[in-house]
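Single-structure report; data block below.
Going in written order, the chains are labelled A, B and C, and every chain counts its residues from 1.
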Amino acid sequence: MSALLEARGLSRSYRLRRGILGGSVEVRAVDHVSLTIERGRTLGLVGESGCGKSTTGRLALGLERPDSGEVRFEGAPMPAPNSAEWRRSRARMQMVFQDPLGALDRRLPIGAQVAEPLEVHGLDTTRVIPLLESVGLRRDHADRYPHELSGGQRQRAVLARALATDPAFLVCDEPISALDVSIQAQVMNLLTDIQAERGVGMLFISHDLRAVRQVSHRVAVMYLGRIVEEGEPDAVLHRPAHPYSRALVSAIPQPRRAGAKLAPRIVLQGDPPNPADRPSGCAFHPRCAFATDICRAVVPELAPRASDGRTVACHRADDDLPAGAWTTPLERVA
Amino acid sequence: MLRFTITRLLRAAITIVMVVTFAFVVLRLSGDPAQIIMGADAPPEAVDAFRTAWGLDEPLWVQYVSYFGAIFSGDLGRSMRDGREAIVLVLERIPATLALTVPALFIKLALGIPAGILAALYRNSALDRAVMMFAVAGFTIPSFVLGLLLVLLFAVQLGWLPSGGQESWRHAILPVITLGIGGAAALARFTRSAMLEVLGQPYIRTASAKGVAWRRVVANHALPNAAIPTVTIIGFMFGSLIAGAVVVESVFSWPGVGRLLVTAVANRDLAVVQCILLLVAMTMITANLVVDLLYGVLDPRLRGGARKAEA
Amino acid sequence: MPEAPMTDVALGAPPARRRELPPPLVMFGLFWVGLMLAVALLADVISPYAYTALDLRNRLAPPVFAGGDWLHPLGTDELGRDVLSRLIYSIRTSLIIAFGATIVGAMLGTTLGFLAAHFRGVVENAVMALVDFSASIPFLILALAVLAFFGNSMLLFVLLLGLHAWERYARIARGLAISASAQGYAGAVRQLGAGPLRVYGRHILPNIASTLIVSMTLAFPEVILLESGLSFLGLGVQPPATSLGNMVGFGREYLTRAPWILLAPAVVIVLTTLSVSLIGDWLRDRLDPTLR
C-alpha cells in the first residue's frame, strides 16, 4: 500500500522584482524537497520564517504547481490547480491556517461557513452541529460571527470546516502561532485527538520545535528551501545531527533544574538567510562554525549518515563536532 | 531612473495607441469614413480619391495601419461645414481658449493652494470651515450654473460687465472667474487633505518634538511632502488647458475649442470632433507623463531607491 | 470529543453601535434626497399640469414670490408651460439617468475588476490599460465624441454616463479581491474546492459591498453634474423630454426676462449634488475610513 502523500524533488521559484529600477531576481523558495506522509501519521516541518516551509505546504496540498518534481496523493498525480478535478480532490485534503480570523468570512455565521465545504461537494449539510461539537464548540456557536469568537474558538471553527468533508490529509500551517500560549496546548491536543479518531495524515508546519515534537511522528528541518535533517522527533530534538538543528534545539528555553549546569546557548552568527541571495554550497555555511572548504563549494545531499543511519544533509555529519566550537568568529575576535 | 522613465514612456505610448484605436473603431462603426471625413456634400470623385488615398478599399488591418500613418502625419480630414482642414480649424481656436484657461489656472493655483495649506495648518478653525464650505460649493455648483449666476448679477443686474462675446479683455473676466473658482475649490480641498495627511506623519511629530521651530517643520518637511500628491491634480489641470472650458465657453459664447467641439458634435462634424479628441488626449497623456516623471524626481521612493530617513 | 472545559472565553459581542443621529447637515441631505425620490416616484400624481401643456395666455408668468399667482406657483416659460410641472418631471428624468448610470458603472467596473483579479496576466494588463485610457481623456470630451459619432438616444446616454467612474470600481474590486484571495477568506474558500462563482458572489462581493456603495454615493453627484452639463449643452436629454440641465439650457435664453425658469432647476441641481455628497462623505467616514 502506497503512502498517503508522496512528494518527490519539489522545486518552486518566484520572480521577485527589486524596486522599479532593478531587474527581477529569481528566488528559489523550495529546492528539491521530498516528503512522505503516511496515513494517520504526522510529519512536522520546522524552520525559521522564509525558509520555504509554507510554500512546501502549498505544494503538497496542490494549491500551487511545483516548477519541477511531483506530488502523488493516494498514488495518483495531483491535478492542476483550479481544474474541476482539483476542486473535487479538495474534499480529501484540507488546510488549517495560521490566522483563523483572516481565513473566515467575517460576514457569515460560523455554521454557514462550516457547511460550505459540504455544499460545495454535495454532501449532507446536517452534519454541521456534530462537527462543531467534535472540535469542542457548542451548538449555539453556529449562529455566531467570527468576531464574536475568541482566537481559539475561531481556530476550532476553521478546523471543523477543514474536517467537514472527512479529509484524509490535513496541512496545518502554523496553526497555533497566532494563539495565546494558554490556548495553544488545547488546540494541539485537539489535533492529536482528531488524528487518533479519524486517522488523518498531517503535515504540521511550525517554527516551534517543541510544538512540532508534540504532534509529529517524524520531523523534517528546513533551511533556505532545502530539508537539512529528517528523523524521529526524539532523535532530532535530543541528538540533532545537523548544525542548524543543533542551533534550533539550543534555542528552546530549558527549565533549569537545581544544580544542573546550563547548556550553552548557541547564538547563530552571520547574516540571516536571504532566499534571494543563496550562499554557494551548503546554504548554512556562512553561519556554521564547522564549515570547511567543501561546505562552501558543494551542496550536501540529504542521505543517511554512516555512523547511525540518521538522515542529514551535512558534509561533516560523521565528524565529531565539539559543542564549544560554537563560540564563533565574533566572540573569538572579542 | 532610466527604467522608470522607459516604463512610463511605454505606458504613455500604449495609451496613445488605444486612443487612436478608439477613434478608428468608433469612426468605423458609425458609417462610411470617407463620406464622414469628407462631408456629405463632397463630390463623389473627391470621396473616391480620398478612399484610394486612405486605402479604404484595402483590408481592415491595412486601413488601421494607414490610419495611424495619416494621423501622425497630421492629416485629420476636413470639416464638413466649410471644407477646411480640421486641424487648422482647431488650431485657430486654441489661442482663444488659452486666453481663458491660462489666467484661470493662475487663479486656481494662487487661491487654491494657499487656502488648502492654511486650512490644514489651522484645522477646525473658522478659516478651515470657510475653506471647506468654499470647496464643497465649488464641487456642487456646476460651472454653467455659476457662470449664469455671475452673468445675472454682474451683467444683468449691475451692468458692470458684458455677458458674452470676445470683443475686449473685459469679456474674459466672468468666464475666467467661473473657471478659476471651481478649480480653486477642488485644489483647496485636495491640498488640504494632502497637507493633513503629511502633518499626521510620525516624522513631523518627531521634528516638532525635537524642538524644531514649527515654521521650519512646515517649510522644510510638511510642504515638500504635501506637494507630491498635489502635483497630480495640477498636472491634470495643465492637461485640461485645451479641453477644460467646454461648458464655460458655451455659457459665455466664447469662440474657443470647447465651443467648436459642441457645435461640431451638434452638427456631427466628425473630422473636427476626432481632431479635438486626439489633440486633447495627446495633451492629457503628455501632462500625465510629465507628472509621473516629476513624481520620480520629487519622490525618490518611487524610483526604487532606498527610503531616505526623514527628519 | 471529550475535552477540557474551554478556558478561552469569547471576546463577547462587539459593543452595540450607538444609535446616534447623523449631523444636521447630513440629516438635511437625507431629507432632501428623500424628497427628491418621492417627487420622482409621484411625479404623475403631484404634477399640477402635464409638462408639455401650453398656456399661451400666461407666457413667462412670474412665480408667486415674484408677484405671480397660484395658478403657476413657479411661473411659466416662454411657451406658457408650468415650471413646477416641468421641474417635477425633470427631477424624475435626471434621477433615473443618474441611478441607471451609476449602477451600470458599478456593475461594469466591479466585473472587470474581478476578471482582472481572477485571471491576472493578460486580462489584468488589458483592464489596467483600459483604466489608463479612460484616465487619459476628460470624460466630458469622451462623452461628446461618442455622442457625435453615434447620435443620441436615452439608452445610449445612460450607458455612456455609466462609463463614468467605472475605473474606480474596477480598481477597488481588483485590489480587494486580490488581497482576499492571497491569504484571506477567499483563498480559504477556494481551497475548499469552491468555484469562482461562489468565491466572488457569496464571499468577496458581500465583503466589499460597503466600499462599493460608498464609492457609488460619491460618484452619483458627479453623474448628475455630467448629465445636466451635457443636457445644458443641448447634447444630452433631447426635447420634448426634459431634464434639469436641459431646463437650465433652455431657460438661459430668458435669463434677463424670466430668470426663474433657470433658477428653479439650478437650485435643485445644487441641493441634490450637495445632499448626496454630504451623505457620501458621512457614509465613507462611518463605513470605510480607508477610502479616501
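Just so we're on the same page, a contact is a pair of C-beta atoms (placed from the backbone, for glycine too) under 8 Å apart; a residue touches a chain by one contact, two chains touch by 3 or more.
Only a predicted model underlies this, so the values are computations on that prediction, with no experimental measurement involved.
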Distance-maximising chain from subunit A - centres being C-alpha averages: B
Chain with minimal offset from the mean of all protein Cα atoms: C
Leader among chain pairs (count of C-beta contacts): B-C
Geometric centre distance via CA averages, subunit C-subunit B, whole Å: 23
Averaged-CA centre spacing for the pair subunit B and subunit A, given as whole angstrom: 55
Inter-chain centre distance, subunit A versus subunit C - centres from mean C-alpha coordinates, in Å: 50
Multi-partner residues of subunit A (each touching 2 or more other chains): none
Residues of subunit A defined as touching subunit C within the complex: 61, 63, 82, 86-91, 94-95, 97, 99, 102-108, 116-117, 120-121, 133-136, 144, 147-153, 158, 161, 180, 182-183, 186, 189-190, 193-194, 197
Complex contact set, residues of subunit B against subunit C: 11, 14-15, 18-19, 22-23, 26-27, 29-30, 136, 139-145, 148-149, 151-152, 156, 163, 193, 240, 243-244, 246-247, 250-251, 261-262, 264-266, 268-270, 273-274, 276-277, 280-281, 284-285, 288
Contact footprint of subunit B on subunit C as seen in their complex: 129-130, 132-133, 135-138, 140-142, 144-151, 221, 225, 228-229, 232-235, 245, 248-249, 252, 255-256, 259, 262, 266, 269-270, 273-274, 277, 292
Subunit C - residues contacting subunit A, complex: 1, 3-4, 6-14, 183-185, 187-195, 198, 203, 206-207
